[in-house]
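Same chain, two partners: chain A is paired with chain B first, then with chain C.
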Partner chain A sequence: MLVYILRRVLLGLSVLLAAIVATFCIFFLGPSDPAGALCGRQCTPDRIVQIEKDLGLNKPKTEQFVTYTKGLVAGNDLGGKKCDAPCLGWSYVQNRPVTDMVKQAFPVTVSIVIGGIVVYSTLGILFGMIAARFRGKPLDRVIVGVSQFVTSIPYFVLAQLFFLYAMVYYGLIPRAKYTSILDNPFTWFTGLLGIWLFYGTVLSANYVRYVRASMIDVQNQDYIRTARSKGLGERKIAISHALRAGIAPFLTLLGLAVAAELGGAIFTERIFGLQGMGNLALTSFDTSDLPVIAGVVVVGAVIIVSLNLLVDLLYGLVDPRVKLS
Partner chain B sequence: MSALPATPVAESGRERILEVNDLQVQFPTADGLVNAVNGLTYSLDMGRTLAIVGESGSGKSVSSMAVMGLHDPRRTRISGSIVLDGTELVGASQETIRQLRSSTAAMIFQDPQSSFHPFKKIGDQIAEAYLVHHKVSKKVAMTRTVEMLDRVGIPNPDRRAKQYPHEFSGGMRQRAMIALGLINDPRLLIADEPTTALDVTVQAQILDLLNDLQREFGSAIVLITHDLAVVAEVADDVMVMYGGRAVEHGTAHEVLANPRHPYTWGLLGSVPKLSASGGNLRTIRGLPPSLINLPSGCSFHPRCDFSDRVPGGLCSKELPGLEVRAGDTTRRSRCHLADPAGIFDAEIASTLE
Partner chain C sequence: MSLGAGTEATMVADADERAPGPAPREGKSPTQIALERLRKDKVAIACLFVIGFFVLVAILAPVLVSIAGVDDQLHLDQVNPLTGLASFQSNADHPFGVKARTGEDLFYQWAYGARPSLVVGIAASALTMVVGVTMGLLAGFLGGVVDTVVSWIVDFLLSLPFLLMAIGIVPIALQRFGNPDSSGFIEEGRESTIRFIVLICVLVLFTWPTVARLIRGEVLSLREREFVQAARSLGMPTKRVVMRELLPNLTGPMIVNLTILIPAFIATEAGLSFLGVGLKDPTYSWGQTISQGVTFFDSYPIWMWIPTISVSLLVLALSLFGDAVSDAFNPQTRR
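Let's turn to the complex of A and B:
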């Protein structure tokens, strides 16, 4: 078990290293002109040289890479500006450490995603089970139909409509507002509740049909027949036997989806005006703030790798047949 | 048909546990109505073992699942009568049937690999069945479970109870399945091909175990199988099924040593012989009948080598009744042949060495 985790961590680290190399190559070896971007309107060639020197851009690319990687692990000293580990670089545009910006944006995204997961797991499993239970009946058709309808509309369209009508025109739901849970848990909750319900409900449509199919498959398994032959009641069979087996594959799906969403719930943040990772990435795209973009990518890679590991470990708990070795 | 004597071996003094009368089980499907069981009548007394034999699709499993009420009522039509320990099951509420499951009638399934929940410990799965029918603590149920695992010959039952199904070998899993079947001392045990997934030595152990347990508990056993060697070893009575009907029903000795139905002859003839000489396996020609369009008359006539000996093409016109024929006292058979005993002695017996 310990050996397994250690091996997985090492494997994860090598994946991260590859991601860092790729990120560095894409963003810093390409045709970009960060010094020019930083320099602003009244730019002189001298100033550009000075900026390049400050940022270390005049050094060979290999040395820049070593500096970048070293910064991640041990921190850096960029032209007199102190950047503590893990140093993701220095924002050209905002002239502050990327790490600080990520630290500010990350809790916002985490808050949105975690609330969303709670809503869509609950709704997805609940409606998936109901649909499976009433397979072929009108209720099942309605649930599947609605979920199909919702998934066939692009998310950003739904989000726009929800924002415009529910929040702006009719004011049914207060506009989203982020406050740190540490500052005020109550306003944190109320400020994001509308987003959670919207985001969770829309995403649950993906999972309803998945859970339904999984539950129907489980219903036909021999061990469900055995459970019935023992004289167990239908409710007990559904919850203790069928659900237990039915949601195991859902867990894998969930882990991967969460990892992707934490990388940036771009539409949600953009449309509802929340300053999370997605918005951070988009803003820095607009301003060609390469270190920030690269920083978001690296952080995203870390999240995906660690959540994958977590899902594998959890799966071992759910399904005893999975040997972690 | 219901006027017929319900059992060929009416033993006095024994209590009747199961009485099936004119049972029909049908499944409506997209292709048509599947007639899985078509008027099955039999009964079983306490302490007896009835073997139901027949090829796949003959209705042996389907009829036994009906006794346990395990068919999805939304997708099955059942008519006739099943009286289990005095309770009519056809048309009974799910709750009535639920209370009888495992406590009065228990079923051992043929594939113990897939019949246990893969994520739950064996002991918990067995104890659960005890807890449904007894108001006791989990600890008491677990003690009972460990006892039962010990009784069916599982070594280290304490430790084994805490293991998962995938940690058991095939034979051990089948023993655990039997322990599950017996945990509530059921009066009727239905074993659906309990030994098909096992190798021969383990098979023999399992059969001995069933025999011992029957002696100990005095319960009745319905053994569903297509393995005639197994039948000879454990059964008191044998019922041969074809196309959802019983075609021959009598004591094991009557049916196996002096069979009267051409289908039974075919079954016995297709048992592989243990000899060094090789040669082809003998089979019954043709394919099992379509349960959506059963052949007219006797369902077996398209595959029967003897139907031309019945005058007037009667076999394809009229379904013979399941009756006690001339020369028999208890056995019932379903065939138009005037003298099946003569044909068997003259032509068949010599080929069944």
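Let's turn to the complex of A and C:
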């Protein structure tokens, strides 16, 4: 068990390091003129000189990489601009540390995603179990059909239509608004509820079929037959025996999805106008503010790697059939 | 002749076939059986018609626009100088209306917009399959160091945030290959070509790992099967074992994967163009038209709705067709 955990952690760390190297390569070695690229669209020759001095862009690339990584771990002093750890870089367009901007955007994305997960795992598991229980019956067909239909339409199209018609035109659901949970938990909840329900419902369609297939698969296992032969009711079997094994694959999928989403629920944030990580990257794209994009990418990679690790370790706890070795 | 997967299904199909009909055939490959099943699937056939329609629109775009008599020029006389909007939604001259302010024809942009969707979807998924299958075969069949390295690369690429990377790579590529002038301006045509190539590369780069992972798993189980062992012990060269024994048995998973990738890529292209990080004028794309039309969803709905319906319908048809293909290849997973 310990060996397994250690191996996973080492693998995770190596991937993480590679992700940092890759980000560095793309953003510092990619452009033919890094200072000009990092400077943004409205750039002055003075500022380019400043950037070159701040980041030491005329020094050898390896030295630049060491400085960059050191900044991530211990903070940096970018030519007098204090950049505390984890220093993700300096936005020359906004003239402030990238870490600040990410810190502001991160809670927004986390709020959207966490609320969404609660909705879509509940609905996904619920509908998946119902469909598996009534396999082949009309109810099952309706659930599978609807989920197939919803997953087959691009998410951004559904989100855009929902926003325009349900929120703006008919005003059925109040427009989304983010307030920090620390300021006012109640407005935090009500402001995001509409989005959670929409985003969660649409995404749950992705999982219904997985949960259903997995539950059907578990039905044929010996221990389920044992439970059935000792006279347990179908509902009890489904909930206390089959579910644990049935949702294990779902957990892996969920881990991957959450990781991808935390990197930026881009479409949700852009369409509903919430200033999360995805929207931060997009606004930075519009202003050619590359250091910010680089920072968001690194944060995204860290989240994905750590969540994947967590899911791998949790997998053994949830599914009684899996023994980590 | 391929043994391996689907021998049982072959026997079942033969039993069906033995009815009156022509003389019974020797046996069918799993692919042939799947195709037969697919032909009986009504939903799949309906989807094929929808897909065929959009393929025709893409191929015949120049013909369609000349029939409709529209062009890509500005028509400032068509829009009201005060509101910027046309007084009509759709008329004989401009069946899908015109853009606000510039009066550019939307039918023209719709017809030509079908092209990048399909080209990106097909080109990117074909490339993804080539790279993914090659790497998967190498990792699964050779094992050892190759397997470790490929698996690590797969893990690594899958841990990068795909959409954020896509957003980051576009400006870098533009800066490096676009020859921007001092104010950062890049020639329009050049920028749109670079964006097109970058989009395909990004899609392939971040998707081949999933294909490679799947193929590797399949190869690992096939490698131990008797017919592969037999071929090897007969002294068949590795290249021949891979080409003649393994690949034919991978056709099923490959086709299923391909039919999943194409709609996913088309949706991603539309999504990225919608966000403004995908394709750009003068390459027309439905995603881009949607994002421009959204502002006028209330006063000029046709602008946004036509591309919205088109992209949804195309992706829906392709996905349902993909599901049908996957059912045809794996009948036991059928509901």
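The rule we apply is simple: the second predicted complex is superposed on the first by the 288 of 325 C-alpha atoms of A that agree within 3 Å, B and C clash if a C-alpha of one lies under 4 Å from a C-alpha of the other, contacts with A are read in each partner's own complex, and residues count from 1 in each chain.
Assume a residue touches a chain if its C-beta (ideal position, glycine included) is under 8 Å from a C-beta of that chain, and two chains touch if they have at least 3 such contacts.
The structure presented is a predicted model; accordingly, all values stated were derived computationally and were not measured.
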item: Per-residue touch tally on chain A - higher for chain B or for chain C; value: C
item: Chain B versus chain C as contact partner of A:233, first or second or both or neither; value: first
item: Touching partner for A:66 - first (chain B), second (chain C), both, neither; value: neither
item: First, second, both or neither for A:244, with chain B first and chain C second; value: first
item: First (chain B), second (chain C), both or neither touched by A:223; value: first
item: Touched partner set for A:146, first chain B, second chain C, both or neither; value: neither
item: Partner chain(s) touched by A:288 [first = chain B, second = chain C, both, neither]; value: second
item: Shared chain A contacts, counted only where both chain B and chain C touch the same residue; value: none
item: Touch list for chain A against partner chain B, complex; value: 221-223, 225-234, 241, 244-245, 248, 318-321
item: Complex interface listing, chain C residues touching chain A; value: 152, 155-156, 158-165, 167-173, 175-176, 184, 263, 267, 270-271, 274-277, 287, 290, 294, 297-298, 308, 311-312, 315-316, 319-320, 323, 333, 335
item: Interface residues, chain A side, partner chain C - complex; value: 11, 14-16, 18-19, 22, 26-27, 30-33, 36-37, 41, 43, 135-136, 140-141, 144, 148-149, 151-157, 160-161, 164, 169, 213, 260, 263-264, 266-267, 270, 277-278, 281-282, 285-286, 288, 290, 293-294, 296-297, 300-301, 304-305, 308
item: Parts of chain B lying in touch with chain A, wherever the complex brings them together; value: 68, 70, 94, 98-103, 106-107, 109, 111, 114-120, 125, 128-129, 132-133, 164, 166, 180
